[in-house]
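Common to both upcoming complexes is subunit A, partnered first by subunit B, then by subunit C.
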Partner chain A sequence: MKSKSRAKPKGIAWAGEELSQKQIDRGSVLQTRYRPEAKYSWAAGQAMSRFLEELQNGKLIARKCQACQRTLFPPRMFCEQCYRPTDEWVYIKDTGMIETFSVSYLDKDAKRITDPIFVGVVSVDGASPQMGMMHYFGEVTKESIRIGLRVKAVWKPPQERTGSVLDIRYWKPLPEGRR
Partner chain B sequence: MTFLEKTADPRKLRHWKGDVEADYIYTAGIGGEKMLRAIQKDRTLVTAICKHCDRTFFPPRIYCEHCLHRIRKWGKAPGKATVAALSVARLDEYGRPLAELQVWGLFRFEGVDGGLVHRLLAAPGKTAVGTAVRPVFKDARKRTGEINDLIGFVPLK
Partner chain C sequence: MRKVACIGAGMTLFRRRLKETPKELCWEASRMALDSAKLEMKDIDAVVTGSAPDAFDGVHQKGEYYADGCGGFRKPITRVFTGGGTAVFSPIAAWWHVASGLADIVLVVNEEKMSSCYPHPQSVFAHIWDPILDRPLQPNLVWIFAMEMNRYMTVHKIKKEDIARVAVKNKRNAVAHPAAQLADPRITVEDVLNSETLAWPVQRLDISPPSDGASALILASADAVKRLHVESPVWFDGVGWCIDSTMWTDRDLYFPEYLARASQMAYKQARIDVPRKQIDFAEPYDPFDYKELHHMEGLLLCKKGEAAKLTREGVTQRDGDLPTCPSGGLLGIGNPIAATMGIKVGELYWQLSGQAGKRQIPHEIHTGVTNAWGDLMQFSSVVVMRA
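Up next, the complex of A and B:
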């Protein structure tokens, strides 16, 4: 059915005139074009900056809170449970366990795809329980992926790393019994 | 570095630079277009006349703000205006010092609601509120349909 939302209802005279793109493009109405100088510099913060630097080194780093003895990952400079600054940097392993996952038939631009991608949260070994990161899973199928599956990070070669979470290509399953 | 040592400079950390692409095209609207075109074409200041409550507005608009009636009648502002308020500017719009002081005023026309803020073409301290002024326009070939086609208001001799 044809949309009538733009038609004027009978008996009502709208004030004003809707301008068409043609009128704008032709310059048949006076116009001011402007781009505000709205520049920004966005910082990742102390903890995430170090986290990203260490990714470039092929390592995962966390922050330890001595009060609650938790190892916070991704790292943060303040413990939200104890309301105090965290105390020290600790490296954790690049192995972990699938905490939750999705089988997605949409890619990152929300385009439909036929071969699904696997995304989810990995809780990382060495961090406190259920602390982890969202990432891709690879070398799995929708039949083989499951919550609790042991996984290991697959890193890009050092020369390709940029200090991004994508310095890890994906997390792949560890053979049963391997830690 | 601890949490309490605050970093105010994002460039000291891993950071990303960006430019907000907030482009826009601003049009003057029906009343504004009428005003700017009339200044460009024949150096007149168009007013809007509400037939319902008999008020006249400048700058022109398509609604009466008193009785909310649609306005379709247009007139001409008198040739003479009055300085209703004035200010001496020492900085430009970016906050940089001006080489020469500028005088800006609010100009009103007798019997007309509203008014216009524009340049008062007089030396600072030489003009007071209440002074009678008249508009001064650029030459026809230099007018482009913008508010600066009107150079400002100059005191009547």
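Up next, the complex of A and C:
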């Protein structure tokens, strides 16, 4: 449809009064401050409890669904595709491939950092194709990291493991030709 | 199902930080929408509202907290929430109020005040991640986009400069929008490519800003349109929404399959078989520049990997054959998450009723489509509208 120019008449300001960062920093506008005190303790659940236990053992574990024949990783007690219980625990390897990555100059609070964090998704050998987890990459540079790079988990020493995804320090490149 | 039209719209300025409270923002947007439809709150049968995580405002149950501002007073009121997808999902929820016959005229109000979370809303985005698998890695929200963008670019061999063209187009389009936060008539591809790298491949000018703002729409049945003698109703011809598996590290991020499914749901209802031919313009959700391209492909407006080419060839400019984000988008106007309804469904309404002013697409248009996207990269909502 062609314009009928029934837009808001000129001269009427659209609502909203902008405040600047300076006004906030100087305290020149009225405001109220509050810091919430909230703490949580999450139950890891059936699938994740076993997954975390196995991480502490230095192993990665998945669940097999006999209906779709997928090896589901991260593991879950039901297959969301078949909507039925999964059938068995299966160990998978601690090698894989970089599906995607980022070189981050931001920390968790969006603060700038100079030593970048290499992070991405690694698909793990033994799980169904493209199934993997988010994790860090190490022993790489922003020039050497690439999608498709073969990688292997670098584990913390057993006594330092706590049953966490951080029991893997990072994933490092496998030498060329190594599976 | 009954036919449903949009008969009015309103929105506030979008800014990094506004003085108004959430209630006041809702009031301003709602009042503008009511005035544009020449209605009063007594004419409204029900209110539907949408807002993103409560943690931005720091007031849990914020739907109830700001309800007065939406006219949610002695009336049925419903708050819906699908993350960033809320921008197009609350109009869908309002649509089913009217389509079902439950209500004749519904006010939809979306609000977001991200600046209350100080010094940066990023710290509460940390709380959307899985507590066991993801959160120990201290993820940043930008990582999601960086990982998805890298996958998309690599699979299709798309150059960063072709993605930057989207940011340039939208920030330039936004110059014509009275509410715009980041309009820039002189921005160039080089500016985007030279901006600070935040999480490669994402650079500062690839991203929409956090914003405060509110928007409102008025939806009415065909009976109400007739009774009120509405001059230029814009009809909802199809709605769709879909979620993929929450196990996001098990999906190939290069293509938004959930959006393709949501689009097919909406297109079936709107009797659209060849979207590229039957749709005249689009407002794909553009929180990041590559997302506009990703969403054009998910909306089935072009082949996989082809959106960058259409952008490079100028097809998606306001005077092109398939204008995208003629509003200026989230990249140019701002990204108060749920409130971007005003530049998505709101822009479809303004364009299709000929009220877009300086933003008006210069050629004849009949059909538009828009989408929004949310949760951990797995939800999308789609609306098709016709004049």
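Operating definition for what follows: the second predicted complex is superposed on the first by the 137 of 179 C-alpha atoms of A that agree within 3 Å, B and C clash if a C-alpha of one lies under 4 Å from a C-alpha of the other, contacts with A are read in each partner's own complex, and residues count from 1 in each chain.
Throughout what follows, a residue touches a chain if its C-beta (ideal position, glycine included) is under 8 Å from a C-beta of that chain, and two chains touch if they have at least 3 such contacts.
Source: prediction; values computed, not measured.
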{"item": "Partner chain in contact with A:106 - subunit B first, subunit C second, else both or neither", "value": "second"}
{"item": "A:96 touches, of subunit B and subunit C: first, second, both or neither?", "value": "neither"}
{"item": "First (subunit B), second (subunit C), both or neither touched by A:29", "value": "both"}
{"item": "Contacts of A:173 with subunit B and subunit C, given as first, second, both or neither", "value": "neither"}
{"item": "Comparing the two partners subunit B and subunit C, which touches a greater set of residues in subunit A", "value": "C"}
{"item": "Which of subunit B and subunit C A:131 touches, first, second, both or neither", "value": "second"}
{"item": "Which superposed partner A:44 touches (first subunit B, second subunit C, both, neither)", "value": "both"}
{"item": "Touched partner set for A:20, first subunit B, second subunit C, both or neither", "value": "second"}
{"item": "Which superposed partner A:80 touches (first subunit B, second subunit C, both, neither)", "value": "second"}
{"item": "Subunit A residues contacted in one complex by subunit B, in the other by subunit C", "value": "15-17, 19, 24, 29, 33-34, 36, 40, 42, 44-45, 48, 52"}
{"item": "Subunit A residues touching subunit C - in the complex, by the definition given at the top", "value": "1-8, 14-21, 24, 29, 33-34, 36, 40, 42, 44-45, 48, 52, 72-74, 76, 80-81, 99-110, 116, 119-121, 128, 130-136, 142, 147, 164-166"}
{"item": "Footprint of subunit A on subunit C - complex, ascending", "value": "11-20, 25, 28-29, 32, 58, 115, 118, 120, 122-123, 126, 131-134, 136-140, 142-143, 146-148, 150-151, 154, 178-179, 196-202, 212-213, 232, 245, 247, 249-253, 350, 352-357, 360, 364-366, 387"}
{"item": "Residue numbers on subunit B that touch subunit A, as the complex places them", "value": "1-4, 7, 10-30, 32-33, 36-37, 62-63, 70, 145-146"}
{"item": "Residue numbers on subunit A that touch subunit B, as the complex places them", "value": "13, 15-17, 19, 24, 29-36, 38-46, 48-49, 52-53, 77-78, 85-86, 163"}
